[in-house]
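Note that chain A is present in both complexes that follow, paired respectively with chain B and with chain C.
Up next, the complex of A and B:
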């Protein structure tokens, strides 16, 4: 067996294969549900119902999708320029820390001034966190996959230290938890009476902005050129390292917004479990979206739906929620396979 | 058509067809190879020669048809079976281990690893016998890394002979050789034929084909278009068969040299791996001239191209432009100085395969108005520009929004040509500008370079094809191991004399005798 490149993939290949990948994921998940002793179709139905079946469920899914849109965008932006940012988790936590530092009374400003200030400060902090590995890459050729990945653990331990010390809530009965944000630092709800905060709106706007940057601006053109062919970009006079630095600023900033949005929109304070791996799941989201910023929104909703739906499915059908993790892993693997098969065909000799 | 005596047939290709997507690289190709003959497989780049040989050798599997060697059908897709059947192939790119000796390289793979060293003296005796019989001068104990390109090629041929090859396939063997080395290779081929071997010699150089082959098989666009006894055809007819049309000779008028636009003053650049950098090179690029750079590939051409293109700066010496020595030297500075660059590798360096024509057309110009204003791209202006290039430079494509990877090499090159020439540059750096192009595109590129010269631009033409250099250039420099020869005027040196320079003789400070 060997792979041969496909010169000009047909529409059937480029659209059909990813669709087939999702279908394959569903079939495989059904089989697993059967093994767990449940009716496969009822399990899938329960997941869909649990994710979108009621107003409450749908809002929960949107809330869950919000940080995934931010981290998905962060990864998509970076990967598009072939900057392998595996550190969205760290950038998210740094954004959350800045939100707590500025939002717990340090700045007693009205909301219309305070919220943008915090958001921008969080983005800057997240950008700096990615800037260090990017600088090491452009200057010394240090592999950013390793540095960004390891920084996740460094930052998580640092946050843990802060929550046991400088940022520890004096009224928190000894729990490793920050003080609560002041009211002016909380993101308001998008619609009165519905449990959905403006973080979601900000995420949608961000997706649109990233799309415009990539398609319409000079920087976006440079980022795509660098990602597709660094050698040709350098030859043409595109300042490759500068472009990578700018990409890092954007990517790190977007990931930090996830932390800002979770703390200011949803939780109101910082704990060490504020992210159940949103930074890593963002990689899955970005890959499923084929790095398209608008596709990231759809992919984030899909992923969030599976998580939220699996929770309620688990309660109703008695199938472990781990099924959600397996489904995501399957979807990613199948999608990667599908992407490869749009570009190569398998030949048997 | 010639008929080969059945008993003498050593290799038979029967209606070999190979498709890559929509492209049919080989279309029902059949021919026989007889014992003791040299067949020249002639065709332009992209005609399907290499694909056919890769099928024969088992690197590719044919979609249809079969290969017979000595009457036995070869199982498809198995290089090992081809080797055992007595087929030896010398690729364009050598497959030798640099850190091992010639002997080790030759024996490698023929004996189990744990027996290495056992048959060493026997192996040496056999190799020396082969060296003697075939005139393949090379020291069995030399490390391959220290050998010249010509010597490495001999090692490859020895490797095939050591494995008892009865059929030798040489894929464009002369592309890396000086004229003198080519003569040596031909002598070896004649000896091989005298020993009863059969040779398939792949080339697109007509004078070589007529010099060495007994029969020619001509491929065009994947089809076998002609098969003839070499004695029955002349070069002119061969050229016509190859391209399917009359080949117009480039009409070159005398040039009026202008002022010096770029000057190299004792420039040296660092070596890069096996490729030498420049060694205190002096050169002047004058307006209104085509300056040809002759040389065997890998002798510092890349360093010179990168230097003038702005990708590297001199390590010592000076690069002087019309208005002085630039303080900062990079691709943007080169573009700003009016240097247009046609890169050697149009796929990897010249274009971005997954960008469309528009995005590729503005690759060097995007940062300035009208294409970009205050950080925003004006895709309308970019499309207009691309449309203009497509029309003026005859780029055949479905439209400006086509991804450039779908274009043929010739059309890709025309887009690059249009992109750089539309800016009316002072200097044109043309690095292998016609490599892999069909005759139509080739002629077009040459015409455009001549037009740029007539407009007053300095054109630096880098090519491995000596005929191209001598036909077009007003001034010729030869490069060897990073050293530049003095400038020679048109017709000042014969091909043989150029060959002597290409082989590295005649340079200042030379250590070995010429």
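Up next, the complex of A and C:
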């Protein structure tokens, strides 16, 4: 077989194939739920109900989507320039560590000064963490996929060390847990009485800012050019390595904001399990969004909905929660295939 | 010196070779894929599948070698999926690989929960036992380290020789290497790049799964969540470290494993008591990154690695 470009894809093709991919994901998940002894189509209903069925559930989904918007943006920005940042998890934890270091009393400032300071400091720290693999890539040609992946393990162990040492809560009962943030370092709620913090608002603003950078600035144009063809970009006079480093600063900073928002908005302190893999899930969010920053928001809500919904479905129907991860992996694989098939058709030779 | 005492003890080298074994299988698998031009980031998840499938087969009453075969088959199945998406369809090898890792891992955990719903400590199996090779195992130091291991370890070393011979001494190996260097030339010879790459990814994924199965069938005798714990990613680094050559990759795996065995032992000495244990656990990952930096200057990357091949396209 071989692939042949489709000159003018029909609407049915461009919309139908991605829809088919989502449908296929649902069918496969229902079959798996059936093996676990659940009524196949009740599972889907339970997931939707668990994710959006009540005010509490919907707020939970928005809270879960918040870190995913940040990590999804981080991945989308990097992947657009063909910088394969698989290390959002590490950058997230570094952002969280900075938040705890500055927010537990080291700076006794009023909230309007303290919160932006912490956010910027967290972003800088996250940027530095991604800068190391990016520098190794531009300077020595070391593949950043492997280095960012390996750094995730290093950073997680480092955080574990801090939580049992320098950052350990003296009041904690032996748990590896940091002290709580002071009140001025906590992100306030967006609406009084609703359990939704300003981290979500910050995530939406970030998506908009990234969209503007990508569509309306020279840097955005250069990032896309480098991503499409490094050699051509270099030939056109774009400083490829400088663009990659700027991309890394932005991407690492965005991922670190996820850690900032989780600690300052949701948890109030740092433990080793603040991220159940938000950094890795960000890759799925970014891919489902086709690397579009505004799409990231929608994709993050979808992914968060599946996670929150699957948790409640799992309790109700006795199906293991890992079904959520299976659904995401299937959605990812089928979606990239479907998107490709909107542009190419398969020909037998 | 405590460290020197450790380095000359036979138990240390026995452990190093044991730790290296799963890495040898999986790194060889990755090497075969990459030599044919396909980066397989599904390695981490495929090792999880292999670890579970092999262990489950034995737990359900199958023989140990049947378990190895089941693991291999499960890996090849995911290799078939990876290959189909990346070779004929030419999808991003990064995205597909990470997707396969997530799919394989979560499917495994799902099946594990279905098979053993209420277990807190997973059951153990009668795993492979060390087999002492007569005479050779009596050699001091080398004997215990190399010749009183489990059969799977011997198989890993034999495989290094087999892969080397096939890659460099057979027409198949030539075609495979050419598919990773200059696919158009392979097609001009009347061979199918698609078939060669698909085959390489399937066989390679099978070996990764056997690497995972080593953990449950020859090391821990049981299946745990997170038991693969980044070994797949380490193997990708090992292949780069070994400049895509089986012998050098073996050397890298043994060096890495020796270092790993050393850090476990140093933790228990007086030196280790003063240093947080996380530093020791970090060291192998940092070492891998440093090795990549040092080796990448001289690395001979397969020219068509990560480049999809579409027939008739120039």
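Observations on the model:
As a convention for this text, the second predicted complex is superposed on the first by the 335 of 349 C-alpha atoms of A that agree within 3 Å, B and C clash if a C-alpha of one lies under 4 Å from a C-alpha of the other, contacts with A are read in each partner's own complex, and residues count from 1 in each chain.
As a working rule, a residue touches a chain if its C-beta (ideal position, glycine included) is under 8 Å from a C-beta of that chain, and two chains touch if they have at least 3 such contacts.
Every value quoted in this text rests on a predicted model; they were computed, and no experiment measured them.
Under the clash rule set out above, the superposition-derived model of chain A with chain B and chain C shows the two partners fitting side by side. Within the superposed three-chain arrangement, the count of touched residues of chain A is higher for C, of the candidates chain B and chain C.
Contact with chain B, but none with chain C, is seen for A:228 once the two complexes are overlaid on the shared chain.
In the superposed pair of complexes, A:56 makes contact with neither chain B nor chain C. Touch criterion not met for A:41: it reaches neither chain B nor chain C. By the touch criterion defined above, A:284 reaches chain C but does not reach chain B.
Looking at the shared chain after the overlay, A:175 reaches neither chain B nor chain C. Between the Cα centres of chain B and chain C, as seen from that of chain A, there is an angle of 70°, stated in steps of 10. When the two complexes are overlaid on their common chain A, residue A:336 makes contact with chain C while staying clear of chain B.
This overlay, made by fitting chain A, leaves chain B and chain C with a least C-alpha separation of 5 Å.
Shared interface residues of chain A (contacting chain B in one complex, chain C in the other): 349.
Every residue of chain A that touches chain C in the complex is listed here, in rising order: 1-3, 32, 35-36, 84, 86, 136, 140-143, 145-147, 149-151, 153-154, 157-158, 160-161, 164-165, 280, 283-284, 287, 320, 322-323, 325-326, 328-330, 332-333, 336-337, 340, 349.
In the complex of the two chains, the chain C residues touching chain A come out as 41, 81, 85, 88-92, 94-96, 98-100, 102-103, 105-107, 109-110, 113-114, 194, 230, 233-234, 236-237, 240, 276, 278-279, 281-282, 285-286, 288-289, 292-293, 296-297, 299, 310-312.
Here chain A touches chain B in the complex through residues 4, 6-8, 216-222, 224-225, 228-229, 231-239, 347, 349, going by the rule given at the top. In the complex of the two chains, the chain B residues touching chain A come out as 20-23, 61, 76-77, 309-311, 330-332, 334-335, 341, 343, 348-355, 359, 363-364, 366-367, 372, 375-377, 379, 405-406.
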